[in-house]
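Just so it is clear, A, B, C and D label the chains in written order, and each chain counts residues from 1 on its own.
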Amino acid sequence: MNYLASVAVLILFSSLLFAQTKPRARDLGVPFEGTPGALNSITDVKGIEVGHSTIIRGAGKLQVGEGPVRTGVTAILPRGKQSNVPVFAGWFSLNGNGEMTGTTWLEESGLLEGPVMLTNTHSVGLVRDAVIKWQLKQYSQTAQMWGLPVVAETWDGYLNDINGFHVKEQHAFDALNGAKSGAVVEGSVGGGTGMICHEFKGGIGTASRKIAENRGGYTVGVLVQANYGLRKQLRVAGVPVGEEISEGSYRAKENGSIIIVVATDAPLLSHQLKRLARRAAMGLARNGSMVGNGSGDIFIAFSTANEEAAKQTATTSLMMMTNESMNPLFDATIQATEEAIINALVAAETITGIDDHKVIALPHDRLQEVLKKYNRLGTPTRK
Amino acid sequence: MNYLASVAVLILFSSLLFAQTKPRARDLGVPFEGTPGALNSITDVKGIEVGHSTIIRGAGKLQVGEGPVRTGVTAILPRGKQSNVPVFAGWFSLNGNGEMTGTTWLEESGLLEGPVMLTNTHSVGLVRDAVIKWQLKQYSQTAQMWGLPVVAETWDGYLNDINGFHVKEQHAFDALNGAKSGAVVEGSVGGGTGMICHEFKGGIGTASRKIAENRGGYTVGVLVQANYGLRKQLRVAGVPVGEEISEGSYRAKENGSIIIVVATDAPLLSHQLKRLARRAAMGLARNGSMVGNGSGDIFIAFSTANEEAAKQTATTSLMMMTNESMNPLFDATIQATEEAIINALVAAETITGIDDHKVIALPHDRLQEVLKKYNRLGTPTRK
Amino acid sequence: MNYLASVAVLILFSSLLFAQTKPRARDLGVPFEGTPGALNSITDVKGIEVGHSTIIRGAGKLQVGEGPVRTGVTAILPRGKQSNVPVFAGWFSLNGNGEMTGTTWLEESGLLEGPVMLTNTHSVGLVRDAVIKWQLKQYSQTAQMWGLPVVAETWDGYLNDINGFHVKEQHAFDALNGAKSGAVVEGSVGGGTGMICHEFKGGIGTASRKIAENRGGYTVGVLVQANYGLRKQLRVAGVPVGEEISEGSYRAKENGSIIIVVATDAPLLSHQLKRLARRAAMGLARNGSMVGNGSGDIFIAFSTANEEAAKQTATTSLMMMTNESMNPLFDATIQATEEAIINALVAAETITGIDDHKVIALPHDRLQEVLKKYNRLGTPTRK
Amino acid sequence: MNYLASVAVLILFSSLLFAQTKPRARDLGVPFEGTPGALNSITDVKGIEVGHSTIIRGAGKLQVGEGPVRTGVTAILPRGKQSNVPVFAGWFSLNGNGEMTGTTWLEESGLLEGPVMLTNTHSVGLVRDAVIKWQLKQYSQTAQMWGLPVVAETWDGYLNDINGFHVKEQHAFDALNGAKSGAVVEGSVGGGTGMICHEFKGGIGTASRKIAENRGGYTVGVLVQANYGLRKQLRVAGVPVGEEISEGSYRAKENGSIIIVVATDAPLLSHQLKRLARRAAMGLARNGSMVGNGSGDIFIAFSTANEEAAKQTATTSLMMMTNESMNPLFDATIQATEEAIINALVAAETITGIDDHKVIALPHDRLQEVLKKYNRLGTPTRK
């Protein structure tokens, strides 16, 4: 476990380093609509903390239970570690070949009562129960009598010994305890470690949009765990990038998934957040997804406003954005989703997993070439 | 049309007279749980107005287009005729062999933006467009650019020349313009004119519950258009009344429907009102329904609180009952639904319709006898 | 009425003429994915008949009730006029600021039991009841005891005297009786007469895709009534066309809607057709929609296979495509939706409506210029 | 672990003994409608196997992690252990304060691809992942690349050290491996070990109905894990039993849940099975539930017909019951649900758990007395 922990720390640390030096999609000149927040990240929504626990171990031929291991856990805490005050939330399943636990109560109550956790398909249960344990300890005075955690997944079995069940409770605790505000590490980290997107290395990506002050000045942040798509389907800024870059593609059949987490500080109620969750589909579509049968394309949206929503009193007072005022939030959700996915692709690096399966990173120079070919390359600010 | 109008007025007038003299279910000693409001009616929720337009004309053999006619329209206006301010609302389809227009926007927006109208199956369209016309006139300064009215139905073709399309715009206008607070006429009136319930004459019924002051003091009112059920299925206060009273039964096969409208002044949001709508099913179940394939069992719930919900501003402030405080409202919804249906049966009178189809009223004395046999008869206060 | 009818006939006739001479989107060199059916139309799905009734009358200043009139009705009959055998169907509301009647029973039963009708928002009710009347006559031997027609709408009040309620029963009958197989007239016809899309003249569009024989050889056809979008949002084949062509734009605020009808001969069950309906959103997204608050984006999908689905026997035998085989149908739905919308734009012609509101057609030459600028113009086959 | 295993075996063994000697509800003279199958059990549906793993250990004061332990796991295998062929399925959440994993894919695909597992709230995750492990081993040749198991729960923290997480993988394996056809042990076993219903000891109950041969001769079986309700709410056969038997009641506030599993051999598709799942609510209502805010009332229905539904071919042939023929299945579902709950109450025995919390069994003699008082006691066949 110590070894594991050190590897995780090492990975986190080096990822942090990379995070400060690696270019993101718009740095390369990919054109996007809208105005991002300060970090262009889900953490631009005040209070949100994100943590990753990454497990990379071993190489070579798959021995179930031994590895190689390319997986992890990502935690998104709507009000940070210090608060277990619920947030209004809504969800939407665009194609349900996946799992997001806790949605039945979320739908009923309109509330998300803890973190959103992301991991691999076969570790959802472990992470779910681990969240309950963590909550019992972390909020010992205020923990609820029962917990119904929200844990979602995508499948990393092409790179990871998924049937070896390498995620342990401690990894979930690490992701939760390590969660923090500020820039979010993207790419092959946390739950995204073994993920693949349009046959490039995928994983975690994030982006945000800031609404004009005269429309409320709210922020919408998106975080994705991107693991979907055939190469040929990839469109970037409307350009058929996937048809132009065939190198490293290996799949005949769509099999992936994407989890999209949308956060905002706009005072939206649960039925309005469901509307936001549905807009995530529109952002995903822009990048070329056809939402294959094997895809678990499940989206959740929450609002950090209305801390009073779950008070222990009979009634409580709320703020609500009126429906007529929501359009800028819809734009923001679509735009931030579109960019978060491309950010995941741009951040991820070439990786080799079980049975020497190799998945290449999206080559930045080739991306720029193709955008240029279609007259869609902006001015790169970094290389 | 003048003739029609006079008949309608006559019916309304005589119904009003009856309303003051006719016993209701609890007057007969039927035991119910909970505490009703002052009128034991949906109009106990302050601001609600209800209007009926009843069309009874002709007798004898069916001549499509000529009659006999036994149908009508009922209007429920959440904030009365004077206000077109939307209310938060939710809906639930227990079995969808029926129509309730306007639910797509209700689900999306969380709001009900006009009256709930009840009529027969084949007049839903006419009544829907008529509501738009009425709104354009009634709220000429504030009417919305487009209307998506909520109109629901049950089928009265056993008694009524339904394919003669006898409901006209004026009937919808009459129901709307005649809507008022105070006691609601029950039984064979308005949309309920030709309806049949457990093979007794059915129609409109209503009831209400008042929550304890220390639980908020809120009121829940229910109005039903009851048109479902085989005789043998009828249970009253848990007693197998339908098995004991076989007289006048005529059906081999379940074919009916019920629309249930739940209203409250408790400050509930749309997702919470959907929870109330779902509880209507539990009240219906107590009376023996098995929700047949041919049934349109569609329920809507709204709250008259939060007049600010649809303000023309970017944000608005609301009150919300917390989920933890909702149980008394659940009890109230179930209890008022149970009683409203029995009230419809108790109020309705024997009627003869097309082709001399005769449907008898639930005989009050027989009901009392059966309740007594099963030791469930309370003390009647009226006969 | 005679005058009206002659106008309608004239319009239909001239539209038919145009249909044979007007270029469609791919004729102009717009690149699309996939292989269309013979007509590139929803009517490539065998058995489907489509009819339009178009009402164009008057000009100049709006006088409610007098006109000008720019509206109509479109009828899509899954098995043609001669058959009232239901089809399996599913639906999806991407944003429910609109109406599609009949969906409650469609959801419950899994079946669509008649035509899909398209008209303007304020004529939904009239068309709904008219369908019942038409069915009673058309299928006098086999009509059901009650009808729950599917009628959807978009709002044409910028061009049309919508509050004049100019659609009459006869228009619905005309659309139904005039329905036929073969090429479908596109643009400003039928329900699409007064519709506007991305601030260009919109309306009816259609397209189809043929699945590879070794994947089943099935056809997917799409028909849209397109009435959504701001100019700047329009993307064609990924190219930001709306940002490049500003001429004739007039709106500050998104207010439109789109109804999408997906048809296939693949043997899909209702829950699978709902999956197809959800994919329509992905096609819509490609063209730039952000699904505004005011949008009624409601989609329905049906399959003409399984004529035995609603037999009058206790059980029936069916064919079902397995979930694993559905990906080509998902692709086809997205692709045909994308193209049908552009076809609507390409077919529609500049129109002037109430108060001299003028909405221009998408200029074909400008579209080609912009596509060329972004290196996305294919080889035009017609001008 | 050996000790645990022996306890479990002992419990299972003694429960089996009891099963042969203990009376069930109808043996006591409780009147029910309809005709049960041979065993009056979910296992009357051919192929279904049920297994329990029961964990009872320790007594006295709660020491988290040490016990006392009153919990377990129940497994329902639609086609028995030997087959992992999916079944068509549907689900319904009447009140979603609970968890049923795997429903997102069930809703999307229409299929249930493994067992339904029941356990306590805080062990759902462990059991979920354990099912994947068990499937990988049990179906090593045919296991899917990823698993999305269905695991549901109710909360046993009044009797059980639920935060001690005493359910281990082996318990899930034991429930699965021990599953068998034949009579099902009821009461405080498996997932039902620590459950409480109407403030009596609750747990597992089952019942079935056989449809008349001329309506298809199908069987509907129901199994419940009953953990809901205040005492005063309990109605048995319509009789207010809960108001009459106050002994041993201890609660001020509704806090429970019920999971209802409906099985049939009738050839129903997924959307039809959802209709069955919804009818479970009507059976529950008959026994007095008001579906409290804290309730996880989640229902699943599946059909063992159509073994071809998930074939590895492009299309497959199916049988489907027509909607018009489903009424007897609706009756059966309601009736079997009603009886299964009462069977759980009748079978369970008085138990003492953490902190010496004592929950009494429903006293059979008192039940009979009350039924007699209300003239509803049939002829008991056993004592």
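In the analysis below, a contact is a pair of C-beta atoms (placed from the backbone, for glycine too) under 8 Å apart; a residue touches a chain by one contact, two chains touch by 3 or more.
All values derive from a computational prediction rather than experimental measurement.
Trainee: Applying the document's contact definition, name the chain pair with more C-beta pairs in contact, A-D or C-D.
Mentor: Per the contact counts, A-D leads.
Trainee: By mean C-alpha position, what chain is farthest away from chain B?
Mentor: Of all chains, A has its centre farthest from that of chain B.
Trainee: Using mean CA coordinates as chain centres, what's the chain A-chain D distance in Å?
Mentor: Centre separation, chain A to chain D: 36 Å.
Trainee: Chain C to chain D: how many Å between their CA centres?
Mentor: The answer is 47 Å.
Trainee: Where in chain B do residues touch at least two different other chains?
Mentor: Where chain B meets two or more other chains at a single residue, that happens at 95, 107-109, 275, 323-324.
Trainee: Tell me, which parts of chain C touch chain A in their complex?
Mentor: The touching residues are 94-95, 235, 237-240, 253-254, 275, 278-279, 281-286, 289-293, 323-324, 326-327, 330-331, 334, 373-376.
Trainee: Which residues of chain C touch chain B once you look at their complex with the stated criterion?
Mentor: Where chain C meets chain B, its residues are 93, 95-109, 121-130, 132-133, 136, 145-148, 151, 155, 157, 162-163, 165, 296, 298.
Trainee: If you look only at chain D, which of its residues touch chain C in the complex?
Mentor: Interface residues on the chain D side: 107-111, 215-216, 267, 269-272, 275, 309-325.
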